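The first chain written gets the first letter, and so on, giving A, B, C, D and E; residue counts start at 1 in each chain.
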Amino acid sequence: QSTQQSLSSGSVIESIKQEGVIKIGLSIFRPWSMRDLNGELVGFELDVGRELAKDMGVEVEFVPTSWDGIIPALVSGKFDVIISGMSITPQRNLTVNFSDPYAYSGMTILANKAMTEGFSLEDYNSADVTFAARRGATPAAVIADMFPEAELLLFDEDGASTQEVLNGNAHATMSSEPTPSEAARRYPETLYVPFNEAFQAGGEAFALRKGDPDAENFFNNWIGTKTRTGWLKERHDYWFRGEDWKDKVAE
Amino acid sequence: MKMNNTRASASLKEMIHVAHVDKFYGDFQALSDVDLSVNQGERIVICGPSGSGKSTLIRCLNGLEFHDAGEIIVDGISVEEDSKHLKTLRQEVGMVFQQFNLFPHLTILENLTIGPMKVRKIAKAEAEKRARLYLERVHIPEQADKYPAQLSGGQQQRVAIARSLCMETRIMLFDEPTSALDPEMINEVLDVMVELADTGITMVCVTHEMGFARKVADRIVFMEAGRIMETATPDKFFTNPDSERLKLFLGQILDH
Amino acid sequence: MSTRAKPLTLKKVLNSVPVSFAIYAFVMWLIIYGAYAGAQAMGYNWQWYRMPQYFYTLTDDGFQLGEIMIGLGKTIQLSLTAFALATIFGLFIALLRLSDLVIGRGLSIALLEFLRNMPLLVLLYLFYYVLGPVFSLDRYTASVLCLAVFHAALISEIFRAGINAIPKGQWEGATSIGMSKGQAYRYIILPQSIRFMLPPMTGEVVHLIKSSAIVSVIAVAELTTIGRNLISDTYMSFEIWFTIAAVYMVVTLLLSIGVSQVEKRYAVQT
Amino acid sequence: MQKFLKRLHWLDYVIVALVLVAVVFVIQRVGGTLNYNWRWEKIPNYIFRYREDQERWVANLLIQGLVATIRISIYASILALVLGVILGVARCSANLAVRMLARTYLEFLRNVPPVVVIFIFFFFLSEQIIAALNMERWARGIARSDDNQIWTFFFGDMRRFPALISGVIVLGLFQSAFVGEIVRAGIQSIDKGQREAARSIGMSRFQELRYIVLPQALRKVLPPMANQFISLVKDSSLVSLISVPDLTFKTVELVASTRMIFEAWLVAAAFYFVICFSLSMLFRRLEQP
Amino acid sequence: MKMNNTRASASLKEMIHVAHVDKFYGDFQALSDVDLSVNQGERIVICGPSGSGKSTLIRCLNGLEFHDAGEIIVDGISVEEDSKHLKTLRQEVGMVFQQFNLFPHLTILENLTIGPMKVRKIAKAEAEKRARLYLERVHIPEQADKYPAQLSGGQQQRVAIARSLCMETRIMLFDEPTSALDPEMINEVLDVMVELADTGITMVCVTHEMGFARKVADRIVFMEAGRIMETATPDKFFTNPDSERLKLFLGQILDH
């Protein structure tokens, strides 16, 4: 009885209700979350976060955090939940809990044309090939998994890895669509997306501190509902397939 | 002038009493079995070759260093490392250093008033009045608002003397007060010291200025290798010294 | 020597060596315990037992160095290369700065001002993303050069201070026996200024090792990069950050101690 | 001009020639090899922007970041100065335990890379302090109230106040080690004679420190302190790693949002240079009596 | 001994020629219209109050400072800032400083040989032979392998003299060579300088040691405020000075 009580009163849901605000940790990552021309946050995560807060009847506060420190920051209580396109991996799961996935984004390879001419998928798995990716992001895990032979360089953010490929310092990088296709369109002489197929990780989910079944249950059900009503898919398509938002964010 | 002053004061109370004092720096013995007694109003000059322990002795008198054996009693206060009276003692004993050690960030006036104001808790107006009085005494009243760096060495040393005087101490120690000065400035300072000697203050002075010693000292102490080798009146000291070493020393000092 | 027994006072007791050590140990224990309790309160599960494998492993192939040790090796290699270059650049800049060359002095001052007023992180981005492609530098060369140039500015100031610390009389002494400026530098000034430069130089090596951590942002393999990669793999942030900090501390402290020994020997010699 | 040319040494000409060659080479390569779409025209928007919806000019990302950097630097240097003086005096203390504790603190901070120090402090210390003071709720209360202009002027968005404070604490603690060393050097540079003179007019140890040693030491440490302040401004870029929204953090965000990697970093570099350089000019002027 | 030496050399060639020399430090005029002519083998002593320009004058003679107007010709070489012959000049003119300026990182022997070896390109063995010869001359052959810091001030100054001698210069300049020394050590150095004076070397010496001046100087030059006020033989200088200022100065110097 008392254990149950203390569990539920210790839940982050409880403190969110008390404070009247939910603090969401996120890291800038196109097109999940971005700064628009006004310097304000926009993106898929922002829609999700606002909707979530609306449904809970509280205010929302987004805490932009560098990707590197996002999990320690969650663990030490700098915010209540991470909603930042974080995909579920077993390693992460050892440290934090995940909700059910709320998005499944496909990832594609973006490669340097001259350096990877005529490469098949197997050719990438060679010690001569260099990949670049964002440290701690899903593509890094996928690359390590799919191309164990290749060298993998990790950077603080996505732009840097694309620039590496562009400058010929790396053969290829991988990230969620639509970013690779956009880049390929912008630098048609140098960059291209060699394979149409998208590589899949376990899906992206909310991350929360361990030992909080109430919150997990709440988020799972919220995601379940929003998936069934099609709201999540509609927003996902808007940000990941559509072009409407492009001119609000500098291109 | 000298005569009557001296003999009168010699009968007064003993101001400095040093008995069987030893002092070590690590293994090196800087003072061995030093005895010295100075009466109120007496003027003592200490001389001796470099490294003989003159500075060490004088610094032991106001507790800038502490002796390891024997006893030192100054103005009735025993000088010891953890004495409660150390502060009182230092207020009674003025010291003038070879390097002046004026406070460069304070004006001359502030140099003179900071001790009385902060240590003796005297009001500012009163302290300044006193400071100007003593600046007058050392003949530089017009320098009150300058900073030490703007003064010549001789003037700085005179300020240092005035600073000690402002504490109205009855004992003054001088450690080679003129040896950092240019030849022309030495006299300025010596003149002030001669005047001071006539006021009845108790004075212990390390110096090689033999002219000064001859003029004002009641007794001259000659040190060598941490010991007091000879103590004599100026007359005897210069005309008929006992020890060979002193003769040699005088020969060298007075030669050129 | 006969020393009088002096009475014990509270101040003396507090200042005595054993009591001081005891107080010190107590305060340190408080701090460490506080940190531990703080982390505990945060609900963090410590996993220190997973750390040793990153230092070494004992497998069938025998003893193998773990990733952290490899990273440490890389850090040292990187730092030493950069330091050697920085010393050469630094001497060059300092001599230019002290020279009579009008343009040379102007150039060295401009360079110093630029470097002094630029965060290293930003400088590194400039070297890697801007100068890198221009001069076709790979990431390793770019980071070595960036560190070398950045520290050359600091080292040149050490050289300058060391040279200026030599009393003017030494220059005059050298001049008055007919030495040229070059000879005076070579035989009189530089040999003496080494004594003044050694302590700040040690500081500079330590500083360089520390700033080398920044190259992790362009993915050059070294200790911090390895640490950050491990964190992104395992999420044991606290354990790994503490370990990395400890490794850096051991290296830099050893270095400081080593150099102060050398210094002592050097001091005795002259 | 004639006179100027006459002062040049032949080595000066060699230097001019070398610099020219380097510049020409760089220009050539930038035109030829660098594969990059420059979009400088987008940058001014991120400095100041006219908001049509609000019908006024507002400071955008880069200026927001710059202001945050300035705020953090000022508060952190005040903290570092206070702690540093205490630490410096502790380093010269007569008590061995005090000296050892000060030394430990200092050696830890001086021998570990700033990045690592900042992470450790951030997660272990600042969070505890913020939680202990219940700062978050208080700051949010202010953010929600109407008359928060003054607070906003001094501390920016009050919602991010705890982040600002963490940044200030971390940076201040980190820099206090260096300030402490400077203060110690200043204290020790005061001639022994000064202390002896103070003592021989009967001052206590505290009076000696208060009236004689510290005033002189502070004057001596002004130049190194100024340098330290400049490096504090530079090191403040590291707090971006703990998500304090300073100039570097905002630049990273801008790059992540727009991929204008070169333009954004060059502008950030220029901003840092301008701040630091004007500071060093200012300090130089102050040092001259 | 002094007499025959002097008169003989006075008729020889002019070694130092100073005419109408002005020297400014910023706005401050350190030398005004200075004229001086020194013949081969002559011994000149310069004295005067502090700040009168004695050091400035002597430093202009070997190009450590440069004059702004007038001309200085030493041993036939015109002393000018961009003269090609400056190095040659300095090899011909030895200088002994108040602060000795020995090279602390070299042994005494190395201090003496480094000039001949590096500047005159003399072989090491030869240079050492010469160095030992001159160490003998200044009476400290046994100190060859010590470092300067291990020597007393008087010994250091003698090494400094030997270092100049090793360059086999025909002109020696001394800038208050004894004023940084303890009283006991002054005589050691003065003795060496007296011996040196007898070898026929041309010597210009700034000093306040009036005993020395009287003994060896051919002429004494008195400076004041950047000007040469009086030049006279020692006899005239001490017994019958022309200017009032010199009388005053002598009074102060010889007083205490």
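Here is the rule we use: a residue touches a chain if its C-beta (ideal position, glycine included) is under 8 Å from a C-beta of that chain, and two chains touch if they have at least 3 such contacts.
If you want to know which protein each chain is, UniProt gives these names: B, E = Glutamine transport ATP-binding protein GlnQ; C, D = Putative glutamine ABC transporter permease protein GlnM.
Quantities reported herein were computed from a predicted structural model and do not represent experimental measurements.
J.: Give the fewest steps needed to get from chain D to chain E, where each step moves from one chain to a chain it touches.
T.: Minimum number of steps from chain D to chain E: 2.
J.: Can you identify which chains form the pair with the largest number of contacting C-beta pairs?
T.: By contact count, the leading interface is C-D.
J.: Based only on mean CA positions, could you tell me how far chain B sits from chain C in angstrom?
T.: Here the centre of chain C sits 50 Å away from the centre of chain B.
J.: Whole-Å distance, chain A centre to chain B centre, using C-alpha means?
T.: 81
J.: From the mean C-alpha coordinate of chain A to that of chain C, what's the distance rounded to whole Å?
T.: Roughly 37 Å separates the two chain centres.
J.: Between chain A and chain D, what is the gap in Å from one C-alpha centre to the other?
T.: So the centroids are 32 Å from each other.
J.: Going by the contact rule already set, what residues in chain D reach two or more other chains?
T.: Residues 34-35, 119, 123, 127, 261 of chain D each touch two or more of the other chains.
J.: Would you mind listing the residues of chain A that make contact with two or more other chains?
T.: Each of 68-69, 72, 76-77, 156, 160, 163, 167 in chain A touches at least two other chains.
J.: For chain E, jot down the residues that touch at least 2 other chains.
T.: none
J.: Inside the complex, what are the residues of chain A that reach chain C?
T.: Those residues of chain A that touch chain C are 68-69, 71-72, 75-77, 91-92, 94-96, 132, 135-136, 140, 153-156, 160, 163, 167, 169, 209-211.
J.: Help me check something: in the complex, which residues belonging to chain A touch chain D?
T.: Listed in rising order, the residues of chain A that touch chain D are 19, 21, 28-30, 34-39, 61, 63-66, 68-69, 72-73, 76-78, 156-160, 162-163, 166-167, 183, 186-187, 190, 249-251.
J.: Could you pull out which chain C residues touch chain A in their complex?
T.: 42-45, 129, 132-133, 138-139, 217-219, 225, 228-229, 231-238
J.: Which positions of chain D touch chain A when the two form their complex?
T.: Touch list, chain D to chain A: 34-37, 39, 42, 45-46, 49, 51, 58, 60-61, 64, 119, 122-123, 127, 131, 137, 140, 159, 163, 240-243, 245, 249, 252-261.
J.: In the complex formed with chain E, which residues of chain C make contact?
T.: Spelled out, the residues of chain C in touch with chain E are 167, 169-170, 172-180, 183, 187-188, 191-192, 195, 270.
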